[in-house]
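The structure appears right after this line, and notes come after that.
Naming follows writing order (A, B, C, D and E), and every chain is counted from residue 1.
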Amino acid sequence: MIWFKKSHYIIIMLLAGLVAGSMYLTGFDFTKFQDFRNMADFISKWFPMNTENLPFLLEESLITISIAFLGSLFGLLIGLPLSFLAARNTSRFHTIYFGTRTALSFLRSVPEFVFGLVLLTALGLGPFPAVLAIILHNIGVLGKLVSELIESAEKGPVEAMVAVGSKRWSANIIAILPQIWPNVLSQFFYRFEVAVRTSLVLGLIGGGGIGQQLFIHFKTFQYQLVSVDVLLIMLMVILIDFSGGIIRKKVI
Amino acid sequence: MIWFKKSHYIIIMLLAGLVAGSMYLTGFDFTKFQDFRNMADFISKWFPMNTENLPFLLEESLITISIAFLGSLFGLLIGLPLSFLAARNTSRFHTIYFGTRTALSFLRSVPEFVFGLVLLTALGLGPFPAVLAIILHNIGVLGKLVSELIESAEKGPVEAMVAVGSKRWSANIIAILPQIWPNVLSQFFYRFEVAVRTSLVLGLIGGGGIGQQLFIHFKTFQYQLVSVDVLLIMLMVILIDFSGGIIRKKVI
Amino acid sequence: MISLENVSVYYKSSERPALKDISLSFQKGDFVCVLGKSGAGKSTFIRSLNGLQPVSTGSVLWNGRAISTLSEREVREIRRETGMIFQHFNLIPRLSVYQNIMTGFFGYKSTAASLLGLFSAEEKRKAGEMIEAVELNVEHSRKVEHLSGGQKQRVAIARALVQDPEVFLGDEPVASLDPGTADRIFQILKKNHSARNLLTIINVHDVLLAKKYASRLIALKEGKVVFDGPPNSLTDEDYEMIYRG
Amino acid sequence: MISLENVSVYYKSSERPALKDISLSFQKGDFVCVLGKSGAGKSTFIRSLNGLQPVSTGSVLWNGRAISTLSEREVREIRRETGMIFQHFNLIPRLSVYQNIMTGFFGYKSTAASLLGLFSAEEKRKAGEMIEAVELNVEHSRKVEHLSGGQKQRVAIARALVQDPEVFLGDEPVASLDPGTADRIFQILKKNHSARNLLTIINVHDVLLAKKYASRLIALKEGKVVFDGPPNSLTDEDYEMIYRG
Amino acid sequence: GKKENQEESKEKGAFTIGVIPAQTEGEMKGALEKLQDVLSEKLDREVKITSYPDYNGVVEAMNYKKIDMAYYGPLTYVIAHESSRAEAIVTQLIKGEPFYYSYLITHKDSPLKSVDDLVKNSKNVKFAFGDPSSTSGSLIPGIELKDQGVYKSESDNKFKSVQFTGSHDATALAVQNKQVDAGAIDSAIFDKLVEEGTIDGKQFKTIWKSEKLFQYPWAVSKGTDKETVKSLQDAFLGIKDKEILNAFGATGFTKAENKDYESIRSAADKEGLLKE
């Protein structure tokens, strides 16, 4: 018993219990997988793809990628400073720490489509409210994720800056940012990806872009167009993923 | 110019260009914020909340949380091993590294509701296909995020294990896991949160839980019930967030 | 200048105190070397001097005022006058040699100037001079991860030196250096010390080096002061007592 | 047992080679200490011996076979017979003192046994013994982050010792230790060495320690071997030449 | 939970029905439970009714026999019939009639008085459809506009802008608030919104009315035996319970069959929505 303590077993038992309960509630049962043929049949309906409207859909994709880009970039620009306020080791007063955490938690807890709905009423339909909804949500997500990276950063360098007599903020930023930067980038690109997928939900309520097209095609059962939309979305996600990988490699 | 190099300015110019282009495409314009009254009016429709059916909705929330829990836990259990194959510093062969990355990227790029739709043709309506859709998606997401944590872990401890003559896998696991564990947990709880929100999209196609209720209420304009659903979702997210924070504090 | 009154330090995850009821005082002009076995409390001692390690009981006084009662601003002023070299260097990863050294000036700069990297020509000259002094003949733009152990340590020394400190605290600043370089670094510290009448306190394992440069030796054992006096008063019995297994 | 043939090592981010055309050979029974200024290439040298640092040109031979031509399995067999202490310790963070030391047995265990923590009573006894030997009197369950510098180093030493290695490679294994403890550690290494006729190669800055224990001294300067011989043949001029600024 | 056990209960012989609350407002849970009891009794078999927010999942589920009966919109039904031979058996009566219409509406202050005006001024008109899968909010008016030569698709049309509001309710409000100049809407829902006071009927003009459209059908999956269909029809026709009827905005139920939706089918076909 070198790595495991008794408490670990208790945790495992507890998890197992929770898993069993959840399985019961969700009707988890692999024997239900009788009808593989159904799946194949269903997927076959998506092909051949209907590429008639491709130029238009590409245009819409461009809008989606713009929505996602602005949503995640501005989210990061606002969330990053907040994350320092929301990290235990860099936040100065407990009240600020706690307040920021709560605010971020709130932003994160509101589903994007609720933000979208509310903003739509003030701004009209279109991509702009979608961008704002994604920004608001991303502030919450990136603020939290980055704050946890900050909390698990090495303490030594910060201590060195403190010992130099540096101002609190220069110390925190200069000693921590270089440490967490590759992971911050990785989170940013991940959120960028997610924002492309989020445009689906926002498309449902008129947020524009390829997400809206997808829902229109979906609701009219035009699966041969849906497959094109999904493919475009997948390509965008993979593209972002790929370029994120390259950029990250440069900084690591 | 100690921290900034010429290349940084080029990057900033480039970003600014992209931002401007994206703003143009998405009709980014804060002057559109004329109709605050609309927003207030719209939000006022959500209140007072209609709590008649609260017990039923709580039950549905429990299903949602079960879906999210299974979806993220199994996603982690499968994604974690894969993430070691998908990290440059722990993956042994370039082909495996590349193959796993591509597979994860693919899983991530498929919108959850596509998985959901395909699975429900074999499994019928209800939460089970939702769980599987979330698992599949989470394998992609957690696999990638954890692999990037692995890549930015300190190399020293792994080197020590290699020098001991340890088997490749014991070396990677024992030297890296303790380093990244707090951030892995943070990702897990974050994905758990996200899965609760994802249940919304899946609710649209009959994935069960509070998401399905929310869409029903939304489509029938029962905003006073929508507000209850949203509140429940928010509470779940905050609850998960909060317990995640506590658990993470224990391991850091 | 600095004095300790009944200072004890207890760590959370350890049963025994790291420092136990220590009372000492240091004046400008003292060149103190602190000896002691591994685990005796040397690092804890040096870190408690500028308040990096809060004391559990007792107090550390700077010019008669307890550090724990000072405002954040006052503590910062003390610290920027105090150069410190850490046992594990505490360099900032992913930054270059030069960037790491420039952070030594942060105590005197506004947050904006620090983060924008606005350094005067004088500061740059100074940094270059210190890089020379510690014999760092590597590319200035190399990331500190890509240095040898002793080179890392010398970056840390240069960072502390550019501060032009009034008080110099070193936690085994030459442990990773060869005897030749170690001696030359001590010469620099000593020259600095004498020229500007500093207070220098250094933990060191190399007793010969300590004897050669110190004006006062202190030895810790299990968190207590077991020797305090001029180098020539350290007898072989003392030595034996300090380092016995 | 180990020999180097025209070994050179170039690092990507550095212009000069860290090792330059080195040819040497070591036999069982040699107790070698490697001297050299900071940055001379000592760490690079010791890391190239067991293949942790791939060489740019030339080759490192174990029993006549180039390490670069061996299968992964064979390399692993070599490494588990080789105890290594790193300059920066390379302990595993967030694991305890005891857990870190137990990883020393990993070379001899299956992945499953390693990860499940299945260790024999004999192994546990051995670990306990080594903890004693290196005088680590801290709680075994304490996380290694909460140790003093020298205590960390001793955990690293104990981890290498539990391997019962045939070859012992040390990169400044006592740099963070006081002279008393350092000497006692060297005694242990020497005793081990003689009892089992090992090959021991240690980088060390402390020339007195090197002279006291080594059967052969090697000095590196700017990546080249500038001295190779028994300790008593090291003249003051040699010393001067090795460490000159 | 109970609905998650649908699959199992089906094996045990439960008859599963999916309902999409398409043109109703208000919680219909109570009504559906009542309906469930009525049908159970008449079929002498356990019946499970679950409501779903949208058609797609339900259509696919019926397609693969995961569900036995569903309440569809006419267009959705036609699509479901085409892909899986779902059969309409019952529809609802509203004010005694199984029909409704599609309206094109404008604000009363609008200069647009007819479809001709709309066509002539299309360059200045912001037009709103409802949900893209809606018969009266999208399909039928879309065809009319196509015939008039001003609309081909969302990307290719002569309007200043075209958008899908996602629902009839939103379309009505958008017209009332002058966010759009004209919109397409379900006549029955429009009347209901006026009745409920959600919108002010006096603010609107109807500038076009479609042909009769057959009401929302209840359809069973392919291969449902005659006997079951018969008992279902009997059960529905016998429903007089106000709560159930109100949930669907209906005054009663009547028999329906596939050919009642022929006009919608040809419309959908024309739109290319049926090609497999």
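Please note the rule applied: a contact is a pair of C-beta atoms (placed from the backbone, for glycine too) under 8 Å apart; a residue touches a chain by one contact, two chains touch by 3 or more.
Everything quoted here is computed from the prediction, not taken from an experiment.
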item: Contact-richer chain pair [A-C vs B-C]; value: A-C
item: Cα-centroid distance, chain B relative to chain C, in whole angstrom; value: 46
item: Whole-Å separation of chain centres (CA-atom averages), chain D against chain E; value: 79
item: Cα-centroid distance, chain A relative to chain E, in whole angstrom; value: 35
item: Where chain D touches two or more other chains at once, by residue number; value: 88, 115
item: Per-residue multi-chain contacts in chain B, two or more chains; value: 62-63, 117, 121-124, 126-128, 204, 208
item: Residue numbers of chain E (touch at least two other chains); value: 1, 4-5, 7, 54, 56, 60, 63-64
item: All touching chain pairs, where touch follows the definition stated at the start; value: A-B, A-C, A-D, A-E, B-C, B-D, B-E, C-D
item: Of chain B, residues touching chain D in the complex; value: 154, 156-157, 159-171, 173-175, 178-179, 181, 251
item: Chain E residues touching chain A - in the complex, by the definition given at the top; value: 1, 4-5, 7-8, 54-56, 59-60, 63-64, 75-76, 79, 83, 131-133, 153-156, 163-166, 179, 273, 276
item: Chain D-touching residues of chain A, taken from the complex the two chains share; value: 1-4
item: Chain C-facing residues of chain D, complex; value: 11, 13-15, 35-40, 42-44, 87-88, 135, 137-139, 142-143, 146, 148-151, 153-154, 171-172, 175-182, 184, 205-207, 242-245
item: Interface residues, chain D side, partner chain A - complex; value: 98-99, 102, 115-117, 119
